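Structures incoming, each one as structure tokens.
One chain, subunit A, links the two complexes that follow: it is found with subunit B in the first and with subunit C in the second.
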Partner chain A sequence: MATLEVLGFGENGWGALLLVAAGVTLAVTAAALAIGAVLGTIVAAAKLSHSRLLNFLGHLYTTIFRGVPELLIIYLIYFGGSSAVTAVGKAMGYQGFLGLPSFLAGAFAVGVISGSYQAEVFRGAYLAISKGELEAASAIGMHRGLRLRRIIMPQVLRYALPGISNVWQLSLKDSALVSVTGLAELMRTSQVAAGSTRQYFLFFVVGGCLYLILTSLSDQIFNRAERRANRSMPSAMGQV
Partner chain B sequence: MDFAFLSETTMTLLAAVPTTLALFSLSVAIGGLLALLIVWMRVGGNPVLSAFAKGYIFVFRGSPLLIQMFLVFYGLAQFKVIRDGPLWPLLREPFVCAVLSLALCTAGYSAEIFRGGIRSVSPREIEAARSIGMSGFLLVRRIIAPIAFRYALPSYSTEVVLMMKSTSLASLVTVWEVTGVAQRLISHSYRTMEVFLCAAIIYLILNFIVLQAMALLERSLSKHLRAPPVKP
Partner chain C sequence: MPGVTRLSVRDIRKSFGAHEVLSGISLEAQDGDVISVLGASGSGKSTFLRCINLLEIADAGEIWVDGEQIRMIHGSGRSRPASQKQVDHIRSELGMVFQSFNLWSHMTILQNIIEGPVHVLKRPRAEAVSEAEALLEKVGIADKRHVYPAHLSGGQQQRAAIARALAMKPKVMLFDEPTSALDPELVGEVLRVMRALAEEGMTMLVVTHEMSFARNVSNRVVFMREGLVECTGTPDEMFGDGASPAFRQFIGHFAN
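And then the complex of A and B:
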């Protein structure tokens, strides 16, 4: 029954901590997805623009952040950000090392990575809008902002939803790497629990199961969202 | 720009490239074979094997690679049966554990990719093969496998690039490949940007080579789909 005790919610149990850690994992991933959505929109706009320079910069961003290991990017942002903060601290008269908050660094790092994937998703979704609709919108006199809000945004979001669901799953798994910065998310907490109880196998299995629950639950939520977003489409009404 | 530091860093990182390549090639090869086995179980028609393959794919695609790697590296060593078993001299090596977990993980992803390829083989071609008397392994070898592999190749090359990036996790189980060495250099020198730049360029070049090789393979597999050369 020792197993039940270490996993339980009692004094020696890790159950509550693991559940909190799963919440932290969700929070990091959600923050990363939001940051990635902003970055992804900017990069997609750059890649779709007619300016050569912006095109190049957009391609550079997606090539680097999709081609370099996630772990390396997390190191870059955590250590790079920390030394930047330390330099600022020095300028303001504080001696010694200042660390970047690990939640912030982790969410930003995973966000930068997910931004490079979301840029491709948004670009593909924009290109999927039929040219006729854009022309029709201009023809009845919609200016750019109105066209963006009424015609482009709703459709891009619908076409992008399956891709965003993929990116969410990727980010959920990438968020495990944030554990190297010491943030007490699910991976890190499983590691600490495994180390201090010497029950490595048990805690990594439990941690893995919690990840499986997170990924399969979010999969179902995205499936429902997709069905809802497509409810007015012909295939949803059985006409295809 | 401190070129002396940059070139020194690059040399140190290049020394770790063979480890990265060894991790990569071994895990892609073993993972590919394992994926074939799993996809065979998945589409073979036996409900028990198919359920097992589904479970395998669900588990390995649904959880982070890092936790799988730690499970193999720290988790297995906990059991006395394994420590006394014949495989212990292998399983105690971090390199072997890293390859094992990378291969197990990529097998899950690749199996789904291969299944997608198999599903896109036109039923007519299979029917045609059956009508001239092919069945079983011959049908798979001559008709299904070549067509499915060609369809699966674009997604498979993405997966292979992901594997190149995933080898970086081996540094967390003390295998000193490029990312691990880069991390050590960063924590010694605090010159994050320069070290990152050198390591990033190495990975980008490796991935570029892999993608080019895959594109070449794809080209040579789809010769018959290209327009014939115009005769002068």
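And then the complex of A and C:
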């Protein structure tokens, strides 16, 4: 009976808070994936360019953000960013600590990491496009922008989808680390619930189940998207 | 319009590193000409064709398409076109058919064919679709219009690729070994489409190993050897006694 009550939606129940927290986890991850897509595209383009300097910068980005622990990046962006904001506040006459909004800092931190993985996914997807199809686009008179929009982007998306699905799962789990900034996402809320009810096992199991539900639901959505994107592929390669 | 020069190439040269692939090739195509370019592999015939629509940039020489010269900058270092805009325009007037078809794999056959007219020529979509359907009828794959390229045979893909090039209403069609990647039993259907095009008066430049096409469909044959035009003439002249010994030896390989 106690279990039902603490998990329920009543006055002493954590049910509603946990569901909201799962929503926050989804939102942070979605924002991170979007930020990572933008960064990843830029970094992939840099790595594919003919400029030595851009190659180097792209390489540097992926090396750093894939090689340093995620937690450290989150600390760096949240606390580092907050010190910077505080310093600016001081200069403008405000005394005391100014924190970065934890949602923003968390989404950005996970996004930066996600971007380093997405860059590799996009680069591989671009290299998978047949050179002949690109030549055919040039030969018909498409200018660079048109070729990018009509031939390259749709195919990059198609080839990148399985990799992006993988990055999404990673980012979803990385978002748990954002709990260190105090953001009430699923990890943090499970922790708080466990601590205040002293039912540690129960709440961490429930938290774990909610993560599993999120990952398997999103997995299904990605699978469906992949099947749709693969309509044009020979059937042997198509279905996953 | 017979007598109009559709394509004029003058003294094209091209090297890859220290290796000179084209050592000064000239060629002129009047309206309605069907010119077969023959030669052993490595003779530079594909490179020559690719230089015409600037998929390769020639180091020297002039290219005129329908009376318009492609402006080039041959300075120190690598040559490049003076205006990418002009290049895109000229390319839209030259239909290119590749050995490996190169249909866009993420689009259906119909989408492949209307892509150029709609997005490059900016023509109304409905018009492009009805013309595309007529073209598909002509190349005999109207029933495949909503199918993706990967689900077609090589011969069907190549016919779709020809339709895609024709949809641009090109001044000249360039064929780069259009049947070389096909299984033998699929060669005929592609050659039939090309023959029908020739009979309609399309100006065509065809790099090929199909001797029957060169002999029976084209009105001029060019034999390339080591980056030069070794000899050229009508099929009767070339396949008769008048040809050079090297050409006779070359076609001898095909007789066996």
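Just so we're on the same page, the second predicted complex is superposed on the first by the 235 of 240 C-alpha atoms of A that agree within 3 Å, B and C clash if a C-alpha of one lies under 4 Å from a C-alpha of the other, contacts with A are read in each partner's own complex, and residues count from 1 in each chain.
In the analysis below, contacts are C-beta pairs under 8 Å (C-beta built on N, C-alpha and C of every residue); 3 or more make two chains touch, one makes a residue touch a chain.
None of the values given here were measured: they were computed from a predicted structure.
J.: Subunit B versus subunit C on the shared subunit A, clash or fit?
T.: These partners fit in the superposed model.
J.: Touching A:150 in the superposition: subunit B (first), subunit C (second), both, neither?
T.: A:150 contacts subunit C only, not subunit B.
J.: Now for A:83: first (subunit B), second (subunit C), both, or neither, which partner does it touch?
T.: In the superposed model, A:83 contacts subunit B only, not subunit C.
J.: Given the touch rule stated above, what does A:158 touch, subunit B (first), subunit C (second), both, or neither?
T.: second
J.: After lining up the shared chain so the two structures overlap, which partner does A:190 touch, if you call subunit B first and subunit C second: first, second, both or neither?
T.: First partner only, subunit B.
J.: With both structures placed on chain A, which of the two partners, subunit B or subunit C, ends up touching more residues of subunit A?
T.: Counting residues of subunit A touched by each partner, the higher count goes to B.
J.: Just subunit B (first), just subunit C (second), both, or neither: which does A:199 touch?
T.: Once the two structures are laid over each other on A, A:199 reaches subunit B alone.
J.: In degrees, to the nearest 10, note the angle that opens at the C-alpha centre of subunit A toward the centres of subunit B and subunit C.
T.: Here the answer is 100 degrees.
J.: If you stack the two complexes on chain A, which partner ends up touching A:103: first (subunit B), second (subunit C), both, or neither?
T.: Neither partner.
J.: Figure out whether A:180 sits in contact with subunit B (first) or subunit C (second), or with both, or with neither.
T.: first
J.: Who does A:211 touch here: subunit B (first), subunit C (second), both, or neither?
T.: Only subunit B; A:211 stays clear of subunit C.
J.: Looking at the superposed set of three chains, what is the minimum CA distance between subunit B and subunit C in Å?
T.: 27
J.: For subunit A, what residues appear in both contact lists, the one with subunit B and the one with subunit C?
T.: Subunit A residues touching both partners: none found.
J.: In the complex formed with subunit A, which residues of subunit C make contact?
T.: Touch residues, subunit C against subunit A: 53, 55, 84-85, 88-94, 96, 98, 100-108, 115-116, 119-120, 148-151, 161, 164-165, 168.
J.: Spell out the residues on subunit A that touch subunit B in their complex, using ranges where they run on.
T.: 63-64, 67-72, 75-76, 79-80, 83, 172-177, 179-180, 187, 190-191, 194, 198-201, 204-205, 207-208, 211-212, 215-216
J.: Note which residues of subunit A are touching subunit C in the complex, please.
T.: Touching subunit C: residues 130, 132-133, 135-143, 146, 150-151, 154-155, 158, 231-234 of subunit A.
J.: Which bits of subunit B are touching subunit A when the two form their complex?
T.: The touching residues are 58-59, 62-68, 70-71, 74-79, 161, 165-169, 171-172, 179, 182-183, 186-187, 190, 192-193, 196, 199-200, 203-204, 207-208.
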